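After this come two complexes, each holding chain A, first together with chain B and then together with chain C.
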Partner chain A sequence: MSAGQRKLSKWAMHAILIVLSIVTLVPYGWLLIASLKNQDDFFSAIFLPPGDGVFGIGWDKLTLDNYQNLFGLGFGVNLVNSIFYSATTALAATLICAATGYVLAKHQFRGRNLITVVVLGALIVPPTLLLAPGYELLYDLGLLDTAWGLLLPLLAPAFGVFLFRQAVIQSVPDELLEAARIDGASEWSIFFIVVFPLVRPMIGAFMLITFLGMWNNFISPQIVLQTADKQPLSVAISQLRGVYKTDYGLLTAATVVSVLPVAALFLLLQKQFISGLTSGAVKG
Partner chain B sequence: MSAGGIDQKRVLFSWAMLAPFIVLFTVFVVYPLIQSAFLAANQTFGPGTRTFVGTKNFELLFSDPVFWKSITNTFIYAMGSLFIQLPLAFALALALNSQKLRGRGIYRLIFFSPQLMGLVFVSILGALAFEKRAGLVNQAIAFILQDPKYLEIDWLQQHVMATLILISLWLYVGFNMIYFLAALQSVDKSLMEASEIDGANAWGKLRHVIFPSVKPVATFVVLLSMIGSLQLFELPYILLENSGGPENSGLTIVMYLYQNGFDLGDLGYASAIGWVLAIILIGLALVQVKLTRAQEVRP
Partner chain C sequence: MQRLSNTILALRGLSSGVWVIATLLIVSAFFVLMRDPQEKGDLRFWLFSLEHRKMYIPLIERHEQTTNIKLDVELMSIPAIQSRMMSGFFGGLPTADLIEIERAVAPQVFMGPTEAIGLHDLTDLLIEEGLLEQLNQPSLAPWSVDGRVFGLPHDVHPVMLAYRADITEAAGIDVTQAQTWDEYFELLRPLMADTDGDGKPDHTPLSFWYTNQDMIETLMLQGDGQLFTQGGTPTIDSERNAWLLAKMTTWCVGSDPVAIYVDEWSAAGHRDKVDGLAIGYIAPDWMCSIWKMHVPGLDGKLKLMPLPAFEQGGRRTSVRGGTMLGIPKTTEQFDRAWEYAKLLYTSPEVARELYREVDIISPVRSLWDDPVYDEPDPFYMNQRKGRMYIELAPEIPLRPSSPYNKQAAIDVRDAMGQLAKFAEENRLYTIDELLPRARELLAGVQRQTERRMARNAFAAEDLAAAEHGGEE
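Our next item is the complex of A and B:
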């Protein structure tokens, strides 16, 4: 390939990538701007409404009314619910899976192999199979329409145990545990002081994955929670669409409010997230 | 303290650490899993109202045209993922893998970003963007082709499957690209150089060096994407407002499970659907394991 051809193909590559970037990014801009427009302006312009401000745009037509209406309808409660459910699940599931994964990787006791096999076997059970019997169980336990009913079934994911078991096997040497025991450390302090720091990348990644998973979880809260005040954003927004189907300003504002906290969290922690995402794939 | 005492203490510690997981896992995974087998042999009208029907649920299911429709739709969607989404993701990963490409970090972040929105919220955005007239998609097509007739494309009524696949492209191409990028990092650089010295062209390098070394990750991504696609629920549920669309043109397997179990209250029929889906998924996973094994055995 000549230098000229090489340059041409480089520019062609950038042209394609830029077009794809625009296709990826434009919906965000559309969403954000739509949430700042009233209903008339939504129909009069795809993006910013025309007017006599700078660049011929009616900046004064942009409004926060949609957001005001949204929180007036009680959407703030759903936002708080989402934060609470996601944070609780992330913390509890991480702790439970880390403890289980560590013990299965490093401790000898009768029944260990059986538990390991059952946990690994559970990885192939599709969660949708458990929807109907899980619902019946929550009904029998009287946990329907409660936070416990939503959270308890999600705190023991076999996938998490599998990940932490792998992480401990890979990054916690036996000698270190023995040395700590000889120094007289209790088993509990070994777990929290020696093991925890060594699997910290996995803890960060798993917490983030679990947090996002709960934030975006729709089917569980949709089935378990009936009271509007208990629902997270995912369910609340789908009901909002049912009622205000043509109120584009309200629906786009609700989407912005639902997505922004998570996007911010991700941008802060993106390195950990991507490493956690691919850890199962590359090492497996 | 005797050695026996220490051992006992350690075993006690082990079980204390395991206890929360074992209790929750037994109650909320193992028990429902067993119950789902019993439920599939019953008809219910809401929870706690079982009537034993034997294998009738499965007999009904296999002669239920709506169920077959949902299977067809779900597989069309899965094929869309397999033959459009994954090749695109791989092509993007190849493009972004070049060390010389400027701005690759930014491109990578941009293409991955839709994943941050989560399926439910993407579904809401998609529902609005694919509206007739006011929606972004039709506005854009009409603007680019300079013809207002394109404002009338009725995506959500007449092109349901295409809409689902297009939205999933936007959402998942960048996500799968991340896996392929990670796999490409592991391609042996010296092997690449050697093939360059041997005068291999781009296609030769792709075929003889890159494909073989990304194959394990590729089979993993294919499996992951199939498992996800076959359980598609939120996107059509929100787009079509739980209706299945005109003539069930957008009904998926999990949506049909949901409608039967939670709209009509027949948790038995829903469990039967769940089992058929589970068997399809487990079958796929076994095929994948077989394929991976076969690769390892080959010299």
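Our next item is the complex of A and C:
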């Protein structure tokens, strides 16, 4: 292939990617524009409302009213709640899963295999099946309508424990642990100083997955949290939908508010996320 | 100290994203922990409708001031109410003091024996306080088991036919002359001509399709089809049901079907409505407000009329959807909850708002004289539609409260799909030709439902009793 052909092929590739990017971004663009429209324009204009402005668009019809109304309804409280629940779950679950995964991978003790099988078995239980007994348990523990009631059941997901067990088996050589023990390091130090840095790619990936999972979690907070000022964004957004009618401007503004923080976080963590997902992919 | 510094050293290698999450946690925790906890009320009320909450709040606030009994109104989605309520009922845990329950969820509450239902039996109270006779009687059926009432009805939801009066009147057709569905389709046949040459009829008389379970159930009810008796015995394979299924299938098949699929909820469906793809639409009262909000292009183009009947002199309405208010047995303050229930469900103020905001008429007959129902509605060509719906309200068909009704209705829809396929494959387009196959299909649904019920010890007992002549 000549240099000219290579250049042409590169341009063609880029053109296709640009088209695909536009296709991907159109729904987000639509969402953003919809959040800036009033109710009449929402139904009459697919994208920007027509008017006398540049390109025949009614730029003056775009408004931030939906955002003002949204925060006027106390949406800021739900936003803070979502951040709190997601960040707590992401950090605590990562730490607990990494520690449990390390113990299951590298420590010999009676019942280790049984615990591993139980963890694997827990993966096949559908979470919805646990809603009713979980509700009863939380009631018995007096944890209904508390942040603990929401967070505790999510702090040691079986998926995370198994993921870190595999990551430790693959990335942490036994010789390194033995060397650390000979040097007099405690188990605590070994975990934080030796193991933790070696499973770093998995930490980023798992933290992001957990953060997003909690951010989008709808059913658990709906069931556990009953007071309005404790509910996260996902629940608050669902309550903007009426049974008979819906203020779509408000709903799209709320969706934008809920999408932006996680999009920003993904940009920050994307390198680790991808390397975490692909770690071990090329190992023999 | 050395251990701590080593740990910090190890954590330094973590990415900026992790630190961002940690910072977010610290900042948000500060706000969450510093916030004053919300003051708890004396009673709790779970409901699923934003609109209902808006209507109730002013009344509740006034009642709180006079009685000093605070009611916490907690809005949540229907699945959340369902999960919390059923978990509470099964586990014997406290739920709320008042719960608004939607028609699709309510039958689950009635799954076990009557005495084990998690809601208070309100029948005696309704009789004592003279409320029972004030309520539209058929509206009690979905919330009743063995003649006992377990919920106050929120609505009636009678059904009319909304039609594109702008198109029919321009064509000189008086649709209101149609007394039956056959007459309706015959009257509108001229509008099915293909004047624009696109190979399709310009308009089709009815928006209805064999994939829409709600519409099938609504029209079957109109035609006196019943999937269950009021006692809960399945009657899916009745001759009447088979006839109705065959009749409605003939509307959707053949070279010039009189029914067409117009999506009820999507933007594409709304576009089709504005374009006049179908002339007639099945319209429960609540649908009137939905069109105002979602299809403003129909403003001033629709009129309402009673549904054409299946036969001369037949029923001219049906029913679709519904909500009830129940008081769980776990409440410790039944009297207070009952006072609130009556306030919210029988107040003229709420009834008026309910109609003005969402076009729903109240089931309380003594409120039907309110002038609000006589207000002309410009969206519907100034028809006094509230009064029209009220006139039909006592005629709505009875609906069963069987927990198996929902799945049976889905199975009947599937049977109708198979019948339509059978009709097209064999080019059989008349009721008589389709009736034998309709009977077979419904018999299959009946067997399936009975098998499902046999798994439930309580329903199986009822089924056996009915088979031995215990129930007519």
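Things worth noting here:
Methods note: the second predicted complex is superposed on the first by the 244 of 284 C-alpha atoms of A that agree within 3 Å, B and C clash if a C-alpha of one lies under 4 Å from a C-alpha of the other, contacts with A are read in each partner's own complex, and residues count from 1 in each chain.
Here, a residue touches a chain if its C-beta (ideal position, glycine included) is under 8 Å from a C-beta of that chain, and two chains touch if they have at least 3 such contacts.
Since the model is a prediction, treat every value here as computed from it, not as a measurement.
In the model built by aligning both structures on chain A, chain B clashes with chain C. By the touch criterion defined above, A:200 lies against chain C but remains apart from chain B after alignment on the C-alpha atoms of chain A.
When the shared chain is aligned, chain C comes close enough to touch A:243, but chain B does not. By the document's definition of touching, of the two partners only chain B reaches A:152; chain C does not. Looking at the shared chain after the overlay, A:115 reaches chain B, while chain C stays out of its contact range. For chain A, the partner that touches more of its residues is B, with chain B and chain C as the two candidates. In the superposition on chain A, A:80 makes contact with chain C only, while chain B stays out of contact range.
Touch criterion not met for A:36: it reaches neither chain B nor chain C. In the superposition on chain A, A:269 contacts chain C only, with no contact to chain B. When the two complexes are overlaid on their common chain A, residue A:25 makes contact with chain B while staying clear of chain C. Legend: residue contacts after superposition of the two complexes on their common chain; A:132 is shown touching both chain B and chain C.
Once both structures are laid onto chain A, the chain B stretch out of 27-35, 45-53 or 171-179 that overlaps chain C is 45-53. Residues 43, 131-132, 135-136, 139, 188, 219, 223, 238, 241-242 of chain A lie at the contact with chain B in one complex and at the contact with chain C in the other. Those residues of chain C that touch chain A in the shared complex are 3, 6-7, 9-11, 13-18, 20-22, 24-25, 27-29, 31-32, 35, 38, 44, 48-52, 74-77, 79-80, 83-84, 86-88, 90-91, 93-94, 286, 289-290, 293-294, 296, 357-358, 360.
Touching chain C in their complex are the following residues of chain A: 40, 43-44, 77, 80-81, 83-84, 87-88, 90-91, 131-132, 135-136, 139, 147, 186, 188-189, 192-193, 196-197, 200, 203-204, 207-208, 211, 219, 222-223, 226-229, 235, 238-246, 265, 268-269, 271-272.
Taken in their complex, chain B has these residues touching chain A: 9-11, 13-15, 17-18, 20-22, 24-25, 27-33, 35-36, 39, 44, 47-48, 92, 95-96, 101-102, 107, 109-111, 113-114, 116-121, 124-125, 127-129, 133-134, 136, 139-140, 143, 170, 174, 178-179, 182-183, 186, 216-217, 220-221, 227, 231, 233-234, 237-238, 241, 254, 257-258, 261-262, 267-268, 270-271, 274-275, 277-278, 281-282, 285.
Against chain B, in their complex, chain A makes its touches with residues 13-14, 16-17, 20-21, 23-28, 30-31, 34, 42-43, 46, 96-97, 99-100, 102-104, 107, 109, 112, 115, 118-119, 122, 124-137, 139-140, 152-153, 155-156, 158, 161, 187-188, 191, 212, 215-216, 218-219, 223, 234, 237-238, 241-242, 248, 251-252, 254-255, 258-259, 262-263, 266, 270, 274, 277-278, 281-282, 284.
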